[in-house]
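Inspection log for the structure reproduced underneath, given as structure tokens.
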Amino acid sequence: MDILQLIQSNLLTPIVLFFLFGIIAARIKSDLKIPQAISEFLPIYLLAAIGLHGGIQMRTTGFENMLVPMLVAIGLSLLFTLNHYQILRKLGKFNIFDSYALASTYGAVGAVTFSVGLSFLKNQGVTSEGYLAAVLAVLEPVAFILAIFLTNMAVSKQINAKKQSFTNDSKSDIDVGLNETKIKLSKILRESVTGKAIVILLGSIVIGYIIGKEGFGPIKIVFDDLFTGAIVIFMIEMGIIAGQRLDDLKKVGIFLISFSIIMPTFNGIIGVVVATLIGLSMGGSVMFGLLLASASFIAAPAVLRNAIPQANPSLYITSALGITFPYNIIVLLPIMFAVSSLLHDPEGSIDLFHYSLKDLI
Amino acid sequence: MKLYPVKLLTITCEILAQKNIIEILTKHEITGYTTYEVNGNGARGLRSQGLTNEKNVKIEIILREEKLQDIVEEVSRTLFANFAIVLYVSDIGVLRTEKF
Amino acid sequence: MDILQLIQSNLLTPIVLFFLFGIIAARIKSDLKIPQAISEFLPIYLLAAIGLHGGIQMRTTGFENMLVPMLVAIGLSLLFTLNHYQILRKLGKFNIFDSYALASTYGAVGAVTFSVGLSFLKNQGVTSEGYLAAVLAVLEPVAFILAIFLTNMAVSKQINAKKQSFTNDSKSDIDVGLNETKIKLSKILRESVTGKAIVILLGSIVIGYIIGKEGFGPIKIVFDDLFTGAIVIFMIEMGIIAGQRLDDLKKVGIFLISFSIIMPTFNGIIGVVVATLIGLSMGGSVMFGLLLASASFIAAPAVLRNAIPQANPSLYITSALGITFPYNIIVLLPIMFAVSSLLHDPEGSIDLFHYSLKDLI
Amino acid sequence: MKLYPVKLLTITCEILAQKNIIEILTKHEITGYTTYEVNGNGARGLRSQGLTNEKNVKIEIILREEKLQDIVEEVSRTLFANFAIVLYVSDIGVLRTEKF
Amino acid sequence: MKLYPVKLLTITCEILAQKNIIEILTKHEITGYTTYEVNGNGARGLRSQGLTNEKNVKIEIILREEKLQDIVEEVSRTLFANFAIVLYVSDIGVLRTEKF
Amino acid sequence: MDILQLIQSNLLTPIVLFFLFGIIAARIKSDLKIPQAISEFLPIYLLAAIGLHGGIQMRTTGFENMLVPMLVAIGLSLLFTLNHYQILRKLGKFNIFDSYALASTYGAVGAVTFSVGLSFLKNQGVTSEGYLAAVLAVLEPVAFILAIFLTNMAVSKQINAKKQSFTNDSKSDIDVGLNETKIKLSKILRESVTGKAIVILLGSIVIGYIIGKEGFGPIKIVFDDLFTGAIVIFMIEMGIIAGQRLDDLKKVGIFLISFSIIMPTFNGIIGVVVATLIGLSMGGSVMFGLLLASASFIAAPAVLRNAIPQANPSLYITSALGITFPYNIIVLLPIMFAVSSLLHDPEGSIDLFHYSLKDLI
């Protein structure tokens, strides 16, 4: 199977089809919607299922091999966030606030994207390292914290600059930034760590680890067998919301649209390559790449709206949910799968260049 | 049953600003309020679809005239610029002024 | 098994029993109710399941044989709507608005009734043509459109008549009716076609058709195995609502009560016979009959309340939900099943006249 | 902080009439409103049980006195006869009249 | 369109007291009211978490001034001591006084 | 396995772990919560499942052997309620209202506790008598009715005492109490019996009895296989609510905290012993004990808030939900299981004193 075929076959899975269906339903202004209580419950359920699954697997594989991937993921996430900022500010000419908000939205991770990735792998009969669920939990707040810290530092730099024209006695920008940020950051950190996504995910990992495979038995049907069906239902609502956002694409502009496609591809491929280098399995490398490629669209607004209220939320919500999410689950996921296959088994069945080879022979 | 005149301050805003408003109330030593989720349309577009975070909330506070000014001032100064928000005040009568 | 036995055994299925239970719960004024989010979600789920199922089956059988049943169903639905109007207006002495509203409520179809029918057949181990899900989708707006058109025409006829006493220069009623209706109709048509029921049903049919049996695998447990259990839960709420409506039966009057039982029986039996004639299977003929017998009680109010606001909604909601729905799923469904068995296998096991034959021998 | 006097129009009606009311508002170039679902009892019986379509909605519109008359007139003329509906007007004070 | 002055009585209370209030209304031959669930904070603590029974409800009644006194008196006498409850009255204008 | 081991292994089941997780989530002030519609629906679902299960089993075992356990349960429940009152009033120095409210909260039963118990037994591979579901339904209103009757009698006694200082002509306290209570009681009785918990439970028992094992087939997956998973989800919310209540423990005081642990233990163990004496199975005796040990925290507030409004609800809700419920499902359930094992098979594998025996040998 070459990449195109893989994309095409991925396009025809219920998850992607129901997402596209949701978009269409929104475009034709149908009154279809999944009741709020259901669409609020589904992410909690999905994260609990992911966490339990991860915890159970971690019990068999142990944490010890988790440390390196975790640190690498954090490092990459921070690096990428800074990189995004430079691109957005310098090339995209966005203001500081929008630049940091967008940079961290794309530096953070998307739990729903992660669910879809797991389901995709399951369909392909490929497994991945369970501890990646823990990486997902840890990675979520990291990018936001960096962005909020840098935003506050930048703001105090400006204030300081003004002050300095009057007096020469001033603390370094970093000191002031640190100070002003501390209160805000500790609040944001608290809120991030106690945010429902992280709490349910970490809690379920621990519980999964404790109960193991036998303990999971009686609840397997709910937290495993129903998983894909539940994602399908959630995808309808995600599609509807993405569809309602499509009108906002004009406001987003061509630069940000390109950014929302190129950046995840770049981050994701690097993620797959790095993951392969540090020894993750074929499926694990795909999930690792997906973590880095994904943008946050559920947690981001909740965090950024209060932390950087000056930023325009429709920029980061629309690009993350309206462009990057569909692109990731429809196009990039199969691409990363192909790349990972290639890297893990260069002689293997996936032949990225089979047309050229064919042409040559 | 005599009714004593007090003020009802009603704030309709995006749900993510609720926390900030409650903080302002707490700062001014106001602990009584009522909240509920609503949908809305305004300068910042339709706020009734999509993710929960994009919904609105209505916050109603019964208070004495003395406290009204400061709270209205602080809410408008700190939140009007960056959040979808609308605020209004009405005259009401209550039985037990000592509660407010 | 004769009809009575069939009715009796149908009466003792969880679906019917939980419906009756809901009625009782409402009558004794219990505070039992299914939370709104759940009871709004269930019809969406049921329609998605029906659609997927239908789409998957259409893939194997193809559409080509769908055209005739579809056209016949539309034709019968229009004919029946006109027939209902005559009966209600002439015999029942209802005003124009109530007559058209009721006529179309009974000309339209009930998706919930359809779900129960599918479950009934499943229980009996009988299959039906998958494309009937598509007929369900197409049939829904047809009767409403006719009724709304005719109502508007009648209204403009009256207005015209008044005008004519002053002037002789006037367009034909149909012209005026057409004109005044156009705006309203195009709006109603739009709303019908983008209404959530039709959208989710058609969408799921298409998706089912695309993914086929293998694609359905991972979501089968949610969209197939849970189906009957989900109907049972929904039936509790339907029973409660029907029970709350029972008091309104007095307002409905004896004529409309009879109409709500006789008309579906008539329409349903004709449906079964015609379906058999045009070659549908035994189970398919039952479902075809059920389509024509069923009255709309979820879509109807939403459409008619705005399209014919002068009509009294408690008439059409109460009769459709309070009388026809229970009658259909408890009594008429087994009757149509017996009739269809007889027609498809005259020598077969169902013997409508076994008592008389017994008596004769 | 000066409060400017404007009107608050509150309409409680069956949910299926909401669309008609929003249309009337749009026609009169009013785009700001807040809505939420409520239960109710009135001349047309208990509206809090059964199917969603049989629920009520409350629509609140802050507007200037100039627009009030026309809207109230149109709502009452076109909807009072056929829908469960109740409407009332109160006096409120707002900060930014230019918003309304 | 003339608006006639009537009163709007608003009661915010714990959900389990709703029944008692509706009973009082019925006793005074008032059948029109609107209710909806709300969250709240007050003398009896945060009422927005936990079991449904611990939520609040808001009850709004449009009525003529004549009936107001008796109802307010009965509610305050029978319910104030034992339930989380707040009550206020505002002036509103309606079109059809015969409805209330 | 000795008791401690049993408690420990029970502690590590998903049900208990997710409950503890919910408590922690609440303590760290996470915004995690199960949407209200879901947490309102789950008890209805759980009771329907319990009822169906019970009804199906009663069909095979018949009611005849149900009468004695039922009457014994009612008798014990009344006795216990009176006993609670004496302890609370005399030893605890609570006022009349709080005493009666608390006495009946602990005299009544907890349906959620019952669900957890069933799940616990299932996990241990032990069955219990189906008719205990019916005992659950009947037992619920009994304690409340007694408490409300006695409260009203006490109130009229006081009023009468005051009156008697003016006049000598007075009816007996019981007469007055009876009279004043009658109206209130008949209202409360009505509300109890039509309360959603009892209605859905009794309804499902009857339906289960009618449909039997085969009728249950198509809905088994929803009402049986999903049961434990559904409890787990509900436990998250129960944990959150219990966690939010922990702050109120100070208000509750050390006396009531001890009461909330000692009383259920006493009632539960007596329940197990009595159940064994009247011939219940090993599992049935555990469930019987659990019925008597459990306190009501969903029905109690709804009933008592209107029946004894003078009582402080935070006392009975906090102690029942915050202390007794966790204690019952974590500690007491395994203890009663051990006791029942011992009583039903004194030579059996559970050895309460194995350490002492070991020490002796």
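Per-chain numbering from 1; labels A, B, C, D, E and F assigned in written order.
FYI, a residue touches a chain if its C-beta (ideal position, glycine included) is under 8 Å from a C-beta of that chain, and two chains touch if they have at least 3 such contacts.
Here the structure is a predicted model, which means the values were calculated and not measured.
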Interface numbering overlap (same over half, different under half) for chain D and chain E: different
Longest centre-to-centre distance from chain B, chain (CA-based): C
Chain B and chain C: spacing of chain centres that average the CA atoms, whole Å: 47
Distance from the mean Cα position of chain D to that of chain A, given in whole angstrom: 42
Chain centre separation in whole Å, for chain F relative to chain E (CA means): 35
Multi-partner residues of chain A (each touching 2 or more other chains): 33, 35-38, 40, 221
Residues of chain B whose C-beta touches two or more other chains: 36, 90-91
All chain pairs that touch each other: A-B, A-C, A-F, B-D, B-E, C-D, C-F, D-E, E-F
Sites on chain D touched by chain B in the complex: 1, 3, 6, 8, 31-36, 62, 90-96, 99
Complex interface listing, chain F residues touching chain E: 33, 36, 40, 240-241, 244-245, 297-298, 301-302, 305-306, 309-310, 317
List of chain F residues in touch with chain A within their complex: 12-14, 17-18, 21, 24-25, 28-38, 119, 122-123, 221, 225-226, 228-230, 232-233
Interfacial residue positions of chain E with respect to chain F in the complex: 14, 16-17, 19-20, 49-54, 82-83
Chain A partner contacts - residues on chain C that touch it in the complex: 35-38, 40-41, 44-45, 194-196, 199-200, 203, 206-207, 210-211, 215-216, 218-219, 221-223
